[in-house]
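Both complexes below contain subunit A, partnered by subunit B and then by subunit C.
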Partner chain A sequence: MYFDYAAATPLDRRVLSAMQPYFTELFYNPSAPYAPAIEVRRDYTAAKSTIAQAIGAKPDELIMTAGATESINLAFESATGHSVVTAIEHHAVLAAASRRAHTIVPVNEKGQVSPDDIRAAITDDTTIVSVALANNELGTIQPIRDIAEAVKQARTERLARGNHTPLYLHSDASQGVGQLDVSVSRLGVDLLTLNAAKMYGPKQVGLLWASSHVRLSPQIVGGGQERGLRSGTENVAGVIGFAKAIELVVTHRKHETQRLSKLRDALEARLSEAFPEAVLSGHRKHRLASHLHISFPGLDAERILFALESRGVYVATGSACAANKGTRSHVLGAIGMADEVADGSLRLTLGHLNDDASVVAAADIIIEEVRREAERVQP
Partner chain B sequence: MYFDYAAATPLDRRVLSAMQPYFTELFYNPSAPYAPAIEVRRDYTAAKSTIAQAIGAKPDELIMTAGATESINLAFESATGHSVVTAIEHHAVLAAASRRAHTIVPVNEKGQVSPDDIRAAITDDTTIVSVALANNELGTIQPIRDIAEAVKQARTERLARGNHTPLYLHSDASQGVGQLDVSVSRLGVDLLTLNAAKMYGPKQVGLLWASSHVRLSPQIVGGGQERGLRSGTENVAGVIGFAKAIELVVTHRKHETQRLSKLRDALEARLSEAFPEAVLSGHRKHRLASHLHISFPGLDAERILFALESRGVYVATGSACAANKGTRSHVLGAIGMADEVADGSLRLTLGHLNDDASVVAAADIIIEEVRREAERVQP
Partner chain C sequence: MSVVYVGMSGGVDSSLTAALLKEQGHTVVGVYMKNWTKDLPGMKCPWAEDLADAKRVAVQLGIDFKVFDFETEYKQKVVDYMIQEYRLGRTPNPDIMCNQEVKFKLFLEAALEDGADMIATGHYARVEDGQLKMAEDSTKDQTYFLYRVTKAALEKTLFPLGEHKKSDVRTMAAERGLYTATKKDSQGICFVGQIGIREFLSEYVEQTAGPIIDTQTGLTLGQHDGAIFYTLGQRHGLDIGGGLPYYVVGKDMDKNEVCVTTNLNDSQLWQTTIRLGGVHWIDSPPEPGEYHVRVRHRGTLVKATISFEDNNVRLDVTQPERAVTAGQSIVIYDGPVCLGGGIVQPL
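Let's turn to the complex of A and B:
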């Protein structure tokens, strides 16, 4: 009973099958000049086309990377002026932003940022605005199109004043691609990060999409792969797996989103009924179907987590990032959650292997263990 | 009949078997707090220990990366002063060096650099010297221990003059680990790059080893993985595969080196006998057992390559890097090879799947095709 799909997803068996030949018989260096290597290059290029198609982009606008963190760093490396980010961005965005002048824009209690606040934070020196499509802890979906509009306005106004400093909107859509439309043109972004590991693909495979007008600067230089923007022998098997993974999640997006939504709502209803005092966080409507964030004020979520673990139910208390260990979630702080509520927070994120039976069983176990912990605290 | 092991190696089936569970049942995020994820973290840490042991290092001195190119960039990011490199370094080293002040030290006609020349190139501002253990085109092995001695002298002299600028010796040992002792203490280096993809491990998995006195600066920031020096969810399957791969090559190193050496010498003898005018490059003695670099002056190596390809023999004309396409090898230029010799150069690199029969068969085909090409040029 795994409820931590936001932290890691198992490889879809079809993804693994697609990758396997590229580890063994098709192991060739895609830059080598003989026929079987050229075939590998062709397959690699075709995989990039599949991925590009899934987000309505052109294949040569994709820079394949070793995951979302690298993509984010590359985006920030290419826009070295002032940056604007939200208070609930992923650690990679906050860390990349903090290397230079930046403004952190607050979010409301549901975890949404206001496009007006973004607009107000943009200065004459701002080169990048970075807002994740959906928050990995709360599941809250940001109004990216409206933010894109605000950025566009700022850009137009600056241009009218003769300021030609580039201004890009970057979004990390890693958490959303299985449930949301991530067509780059509809989102209105200039830069987009995706991560195969969040969609039943391999770990350490990601991409940065950059609109053709964006001037990128490479962070990793060398053999000139990925149009000179990210050198290193291509991760052929990984990119083939990424393509298969995104093809699968996009094909099944509608059905899977409805299915997860139903499961999540059932789980939420059971837990809310058992614990009327529990606090549900994240936007009620603009939220990923996979996400349920629930807090039990006054209880110790870590103790509950370990009790659940011993019964085979795996959940998270915060985002599963190394830097997060032993510290309170910056996301919960940013939505104004009191410490004693935050400390009793569980994040349950659903995915492929969850079904009605596992949700019912898990809900029963969670209810038992939360009650046990509540009785321990207040007998 | 694959003779391009320096460009890419197939995954050893034992490596793939070791990796497989970490794609599926053991897919957990190693930073997650529940038992199965902690088990994954333990396996990841154990894999790093295995790798560390293979090079006589401590596990917490390893920073896992997405391959040699990233490792090299990280090494240079941590030493932002003047750099000293040889003229035959890999593109990644040359590109990283060229971002700042640097000196390119020549090599002799065998591809070896003189430690005295390295010593002479070190200025008061030099922070990094980078010399690959073995050249990927010629197979020539550098006198790294003597270079380490020269760097140590320079450091001592600078210190005596009150100059406390750090000075590190970095070596990319990606090409050598299956055949040479790469114990970091015996080599005397401060930084070492390795690449799993060159030793029958997965592509885009590498490491930078840094001695405990080296102060590293992260290039990719975020969740704080790899002691904050390289963020991003760990490539668990990849690192497990790397450990298995290095364990296997180190275990079989002696036997495999002798085997390859015999095969290579047989191939070299047959080709030299058939073409007494052919030029053999690389150091006769200090050379990787896998490497044979042979030039047919006046002939077009690319035409030979395609003729060989059509008969199932895969060889290289230069190093298989994207940036190298359509240009002459900078390595051959650096050893003073005339263009008309360089243009007729083949690189044959041997590995696991080559045996007596395949070498004899390939030699016969190469002889036929080189003769055919020679007759075309001069009927």
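Let's turn to the complex of A and C:
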């Protein structure tokens, strides 16, 4: 019973079928001049069009990458002035920002950032503002449109003062595609990162969308693929898979979001009924339907994770990266959670393979193991 | 029944140790000792995984689990000692130092302080009547690494695996469904990780090129990048290819020279008289006479006559021993009892 879809999603069988021919009979280099290769090139271009359509963009505004981390790095290395990020950004964003002057904007206890705070953090030298659409640990969704408005105001004011330094808004929307509308024009962003691996597509496949006015600096140079912005032979199978994956999640978005929301709420209800003292985090309303973040104060979440693992229930104790480093989640710190609450935090993220039965079964096991752990600590 | 704090490393041995003690009715607390590790770019630090495995097994057993942080002390007592010994041209054994200074000193003290009656580790050794004895599984016996532990510490220590064969340990761990039952045994010096001692040392000591000299001809065969990186008897890594293999037979730290030979029978490679300093006896010193000694971990036991010269111990062996290296330990046995040992002094 898998409850860690925010960390990885299983490849959809239809995605796998779509990809398979491009590993074998359609292996051609899309840059090669003969007919079968040209066909592969067409398929690749068509796949990019499918992806572009899913986010309301033009195909030539997409730079295909080897995942969200690379996309984020490309975005930050293309805007090398001061950056503004929130305190709950993914490590990839925080690390990219920390290479240069940057300001970290706090979030409230629900994990939302205030557009006014973003606005206030923008200086005359700021070139990039980066706010993830939805937080991977809490599921909290950011008011990206309002943030875009704040960035736009700052840009206008700077221009009025004769400051022509570019100012871009980047958003990593990897966590949200299956549940939220991520059309770039609606979000009002200049740069958008997506990751196929979070939507039942292959790992190491991602993209950076850049609005036509954005000037990107390539980080990987070579054969000039992706309009010279990301060299290297195209990952044809990966991008074909990405296209199929995004097509499927967008088609089933509404239904799946409702389904997940119901399952998540049922799980949440069962757990909070069993443990009234448990702390639920993340925005109650503006939250991904897949996410449930629950803390058992005074307990050791890692012990619970191992106990659940031995019973075939897989959960996270925060973001996977933070857990592996043996440090507390910076996200939970940022929402002001006390250490003893943070240490007892589980993140449950739902997806395709979860259904009523698995949620009920998992809830029973979680309740049993949390009780056992609570009794061990306080017999 | 007692409260036993078990040093759990995340390996199969210490996992089973905890399981066995719990089955015997002890109140068991698992402890992961966080020692010092060097973070090098591009190198995955294995300790986080080991810590997670140790904790996982503790959860499986339903026992308490703690992390004792000995990072600072470990760096001073074990790592700095090791680097210093290499600087002096010797080849130290950090595992022995770790047992002496960390596991059977700091850990023991911290555990007793925290409420333990005893400590336990997954070492293959036995303690009987305050004596350290070889493990039942002679191929796995680890008393070589334990000869510098004090009698007082041993009296507070349990080694449940001393009675078992390594192959049985895997089976017993699997029977109990322990997560680590099939985990590979760790290799080499823990804090050096996968990079190897040479690269590790080069982070701390300046690499200064010097000549590699053939003792048979007196000719310089090539250049090495620092005498400290070479150890007696070493064959590989000399980069003076072609023909018969060369072996290191000596080095002059002051001149930064490494001496090599192709003569497998070179007298410097073989010793019959060895002097030990820094001698440690678990109990009172033994009478001079004939005992068995082990020149390296898993080395065969060889007969040696022991006599005392001031603070040193002199060993005379009947069959010459190969590559007895300054800084290494030689451990002395009376039958199955590990009496203690000392550190090989330079010739």
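Heads up, the rule we're going with is that the second predicted complex is superposed on the first by the 376 of 379 C-alpha atoms of A that agree within 3 Å, B and C clash if a C-alpha of one lies under 4 Å from a C-alpha of the other, contacts with A are read in each partner's own complex, and residues count from 1 in each chain.
Rule of thumb we're sticking to: a contact is a pair of C-beta atoms (placed from the backbone, for glycine too) under 8 Å apart; a residue touches a chain by one contact, two chains touch by 3 or more.
Nothing here was measured: the structure is a model prediction, and the numbers come from that model.
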First (subunit B), second (subunit C), both or neither touched by A:R99: first
Contacts of A:T233 with subunit B and subunit C, given as first, second, both or neither: first
First (subunit B), second (subunit C), both or neither touched by A:E309: both
Touched partner set for A:R376, first subunit B, second subunit C, both or neither: second
Between subunit B and subunit C, more extensive residue contact with subunit A: B
Which superposed partner A:A269 touches (first subunit B, second subunit C, both, neither): neither
Contacts of A:E70 with subunit B and subunit C, given as first, second, both or neither: first
Touched partner set for A:A338, first subunit B, second subunit C, both or neither: neither
Doubly contacted residues of subunit A, that is, touched by subunit B and again by subunit C: 302, 306, 309, 324-325
Contact footprint of subunit A on subunit B as seen in their complex: 4, 7-11, 13, 16, 20, 23-25, 27-29, 31-37, 65-70, 72-73, 90-92, 95-96, 99, 197, 202-204, 219-225, 228, 231-238, 302, 305-306, 308-309, 314-317, 320-325
Contact footprint of subunit C on subunit A as seen in their complex: 302-303, 306-307, 309-310, 324-326, 372, 376
Of all residues in subunit C, those that touch subunit A in their complex: 48, 51-52, 55-56, 58-60, 62, 64-65, 179
